[in-house]
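In what comes next, subunit A is part of two complexes: it sits with subunit B in the first one and with subunit C in the second one.
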Partner chain A sequence: MSDIALSIAQARTTRPRSAATVLRIIQTICIFIIALVIVSPLLLLVVASLKDDRFQILADMGSFRAFWVSNPTLSNYAEVGHLSGELAFGRYLINSLIILVTTVCSGLIVNSMAAFVLAWGSFKGRAVILSIVIALYVIPQESIIMPLVIMVSRAGMSDTFAVQIVPWVASPLYIFLFYQFFAQLPKELLEAAEIDGASFFRAYRSIFLPLSLPALATVSILMGIETWNQYLWPILVTQTDYARPIAVAIATFFGQDSIYWDRAMAASVLMMIPILGLYLAFQRWFVSSFIGSAVKG
Partner chain B sequence: MAMQQAISSTSVRKAPARRHDRGRLMQEAAMLAPAVILLTLFLILPFLLSFWTAMTNQPLVPRPTPVRFVWFNNFIRIFQDDLFWTALWNVSRFTFWIIPAQCGLAFATALLLHQKLPFRNLLRGMFFLPAITSMVVVCVIWGTLFQYPTGPFNQILGFLSGGAIQPIDWLGDPQWAMFSLVLLSAWQAYGFQMIVYLAGLQGIPDELYDAAKIDGANVFRRFWHVTMPGLRPTHVFGLVITTIQAFKLYTQVAILTQGGPKSSTETVVHYMVRAGFEEQKMGYASAVSVILFVIVLVIALIQRQLLRRFDV
Partner chain C sequence: MGKRLLWSLVLSSALSAIGAQAAEKTAIQVMHQGDPGFVAAYGKVAERFEAANPDVDVQFIYAPHDAYNEKFSAAVMAKQLPDVMELDAPFLANYVWSGYLQPIKPLIDKDLLDDMTESNIAQGTYPIDKDLYAIGLTDSSVVLYGNKKYLEAIGARIPKSVDDAWTREEFEGYLEKLSKLDGVKWPIDTFRGYGIKTEWITYAYGPILQSAGCDLIDRKAWKSEGTLDSDTCVDALAMMQKWVKNGWVVPQSAGTNQFFAQGNPAALALGGHWVYAEAAATMKDDIVVLPLPKFGAKGASPDGTWIWAITKTSAHPDISGKFISFLLKDKEFRTYVASQSGYPGLKSFAAESPLYAAGGPMAIAFEQASKTAVARPPHPAYPTITSAFMQAVDEVFNGGDPKEALTSAAKKIDQDIEDNDGYPPFGEEQ
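Entry: the complex of A and B
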């Protein structure tokens, strides 16, 4: 009896479910097609970077051969990867990596420390400072860049690594993201730490910071993308190859009359790899944490 | 007696506590200081300076003649310059096109991705890939896609139309150049916006959908009466971010078109950088930057008003 009832119930649910399954399969196929269309320019980039003949690249562009290499070669990468010479992007890549790692690491420390004080500190002016920080978020980088160029060149800082790192370490957005994360953690954590005799800094370093992995991941990704892709600021403050980042190098190279498409493609692929690695390493925490705060903020 | 004990014990407890407080205050100050100093030096100070510089004839390279205070002359000259109004008109056109392209595509893919599809993370990663790609690299790729007359886009269009559509000079034709920049910019930025939409969708409680289902609402009514209202803050956020980004349009222009052809892709930031670094007029460029700030501020204030009206 109960078996019959069960099978009837199953029959009732399976019919709409199979329709739903078909719908789901169609949706999956659709979204994969869209995804392929979206990614195809990047595929094209990778494929073109493996072709040695830059005239062939342009000739292939108009057909499906653009997505196919008959005899892949890494010679473009070899040429572009040198540390010195006319088309050497290795050096710029290393410059960019230095700037990226330093900016993100110091940014994580400086912004999270400040956010922790704003969230759990004991002095009265916290609310005021917090609202000033939030208000500062409205100022776009483009609006301060003119006086900033004059400031750093007067200070003799142009064409250094420092000038590309120090101004962008502290950021209202990242302070605010950390603040939101710390503020939602329970107050008892801090009290317990203090009863155990831990100092304020110790509570931050040993308890709150390890708990804020999602926020650390989010800020790393956002700040990493931002730093890595900077273009306007570095072209204004770098004049020589000494500290020039790869974005500026590719752009100058791109602007030349005879474009070496093959090398430009290889350099571009190389430029994508580090930031892709950063994203893959942290993406697990990225989506969930970033947005709740960004949308409501 | 008990009272006295309590008092004495509190006083005993208070003494070390106060010492502890002072140490704690020192720690708090030390932890806050780096951010405060950096923000003051590299954000607040240049921001205030930009207002000052905007009212001087400050050159890029120091000259022997002293810098003069010119009051609002820079602003007057900017407003009298047709090229500035062209730039403003161009970014408005850009905004008008990119909002449906970018937000619409992001919203649609987020709706599709929100369901329990296989390979969800892989798909999400694929859609986000352009967003982590540097704008310089995007320009290298799209520069080849836009090639005239035999680039991929022209070939595809010619193929689809059976040769009826003549090749378009995407970046060289004043009628098409800005539209081409819209295409590549939307492609680059929409993955980011899709993630914002995904999070917005995740924020809508399932109970609302269940309740709507029990009330007999079909898929479309559930979308219109549950999903859309639930996404209001997300829509506002997306619109505002996209608009602000559009007004800061620069890199694509600098690399691909230099403001041309015939000033059809000149933008406010490109205009500013040219005034400051090609014509070496820092005061004038700072005045443009002040105007840019005012525009961004107005957009941000509108966002706040909208969000408040939607009671978020």
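Entry: the complex of A and C
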């Protein structure tokens, strides 16, 4: 091949390669911009929590100054941390953690067990019960909240941790999520377990549950976020700071006359950390659960 | 084993002793709202009260401002009403009519009752039996704050008293001039940032309609159609819509402090008396306090605030009354409230508040109380009245038709009254 022919061949191969590089750069820039847009509220929250003037936070809100703090301070965190008496922030944070851990752990057990029975149980009417469970999902929480308040107060559960956990442990959505996952697993697993002499419960506990890590992760994250952000329910059923969660404490900063943005931002950042931790801990399985459901179609 | 048993016995007897001591105390529950400053102040008052009354345990039930009514409804349904409760004055008629509150006069120190201002008595009085059901240290008002620098730049007239208030033409003329002035982003902050979850719209904008010559409801016939949807009200709301459309009003998304934010982007502010402390601290001599403009033949300003009542179900009304009396007299609490530019509801508190005394920077606000204050309709249907009106205003500010929005609100209000047979004895008075 002559030198001219070689250079022509090289040009033919580099042109598409350089076009691909340009495309990749454009893609990267686009992804970066989208990521920035998604992360910006979070960034704004953290930056605002480091400003010592609540009026400055609002004044900066409409400009890029919202993402910049010239003299960062942790005074808002200190103030939030030092609130005493009724607004003891640490107390509310611990309350929230207790409620979160208990609700999620109980929810995983109860919902997965219910789903397993509905998926592989050998009794009549499973399909009807499943339909009822799915139908229950469409009932909005707001429509049953007041009757529920009466029920729990008559049961003597007001102002306890239990009142914030028990009503929300069993959920049609999570039962359905587990049901879908269990139903996709091969029936041979259950048959093999039965041949080996395992009970129905043993098959659930030792075989199906360990296989359902993605479902467990998904339910943990969704249920965790839902529980962590509960606001109206704790206000309605609790009286004191004994069992009240952090979302109620943060609402104190939004008074009738003034909004304490500085402290609200700091408290929000602190409130965000545990749920972010939960997400990061389960993120791998959470993502694989979504990929799995997409592939399985 | 024996040692463990012994320790258990010692521990359990110690716990029983503590338990018995706690059991001897009489507990009263106090339901309230408020920002962190007030929450802390209430806590300190309770500590002092408990120190003065060692046999009493004051237990607070805090409900966030935006969920206060929901919390109250839940407490009613669960039959867990507290002994003492803070309530927003315009809701008093509804609570008394529903049978939740008891007359407070026999339970409060007499010197405090004698000390109440006229508007404080009015906000705590049920119009049917004329009995007092609630009392407060404070009342409230809304004024027009102005940035002196901007007002001088456009040559605006500065009223010296309530009688001297701007007319509608003057006010709108100044808004237009301010909109063209350098440095002014918005001519006026009407504190839209408070949203529709608070009482702000009815409380602050209702008097604009009243000043224009109409009202939320006919206060004799207790019928809203023909009043709220009248041409006068429609015209007043259309006027406010025009301010929003022209970009003269600070948008809801900009928050609630653009009058005294850095750079002073808003030239005027239709704000509550509580704005003064923060605004004056930031603006120093640039702030000027003006009476609310006259949008028709007369002036009108709001009143009423969060006041203290004793529930009918209280097992300890005497101690509850004692606590309220203690709270209203507490020197340190008064000092704190005064530092927050608390609007006096007691004559003695007014004397302690140079801010509102003659010649004080907020004297005009206090002058409004006796000359132009109009209470929100003292009727059991008030929760519906305020909710319907706020929705209508919000709709109009977002581009809706004023006539349609007010007609719909008036119908909702009348329907609620009809559904409750006129809320007798209110209906029987017609």
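Here, the second predicted complex is superposed on the first by the 229 of 297 C-alpha atoms of A that agree within 3 Å, B and C clash if a C-alpha of one lies under 4 Å from a C-alpha of the other, contacts with A are read in each partner's own complex, and residues count from 1 in each chain.
The criterion applied here is as follows: a contact is a pair of C-beta atoms (placed from the backbone, for glycine too) under 8 Å apart; a residue touches a chain by one contact, two chains touch by 3 or more.
Because the structure is a prediction, the values reported are computed rather than measured.
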Which superposed partner A:Q56 touches (first subunit B, second subunit C, both, neither): second
Greater subunit A contact set [subunit C / subunit B]: B
First (subunit B), second (subunit C), both or neither touched by A:L213: neither
Touched partner set for A:R263, first subunit B, second subunit C, both or neither: second
Touched partner set for A:M113, first subunit B, second subunit C, both or neither: first
Touched partner set for A:L185, first subunit B, second subunit C, both or neither: neither
Touching partner for A:V166 - first (subunit B), second (subunit C), both, neither: first
Which superposed partner A:Q239 touches (first subunit B, second subunit C, both, neither): second
First (subunit B), second (subunit C), both or neither touched by A:A251: both
Partner chain in contact with A:M146 - subunit B first, subunit C second, else both or neither: both
Contacts on subunit A seen with subunit B and repeated with subunit C across the two complexes: 58, 61-62, 146, 149-150, 231-232, 236, 248, 251, 254-255
Touching residues on subunit A, where the partner in the complex is subunit B: 24, 27-28, 30-32, 34-35, 38-39, 41-42, 44-45, 48, 57-58, 61-63, 66, 110-111, 113-114, 116-118, 121-123, 129, 133, 136, 138-140, 142-151, 166-170, 172, 175, 199-201, 204, 225, 228-229, 231-232, 236, 247-248, 250-251, 254-255, 261, 264-265, 268, 271-272, 275-276, 279-280, 283, 286-288, 290-292, 294-296
Of subunit C, residues touching subunit A in the complex: 29, 33-36, 38-40, 43, 59-67, 70-71, 73-74, 77-80, 194, 198-199, 254-258, 260-263, 272, 274-275, 278, 282, 306
Subunit C-facing residues of subunit A, complex: 55-56, 58-59, 61-62, 83-87, 146, 149-150, 153-154, 158, 231-232, 235-237, 239-240, 248, 251-260, 263
Residues of subunit B defined as touching subunit A within the complex: 21, 23-25, 27-28, 30-32, 34-36, 38-39, 41-47, 49-50, 53, 58, 60, 109, 112-113, 115, 117-118, 121, 123-137, 139-145, 147, 150-152, 154-155, 187, 191, 195-196, 198-200, 203, 233-234, 237, 244, 248, 250-251, 254-255, 269, 272-273, 276-277, 282, 285-286, 289-290, 292-293, 296-297, 300, 312
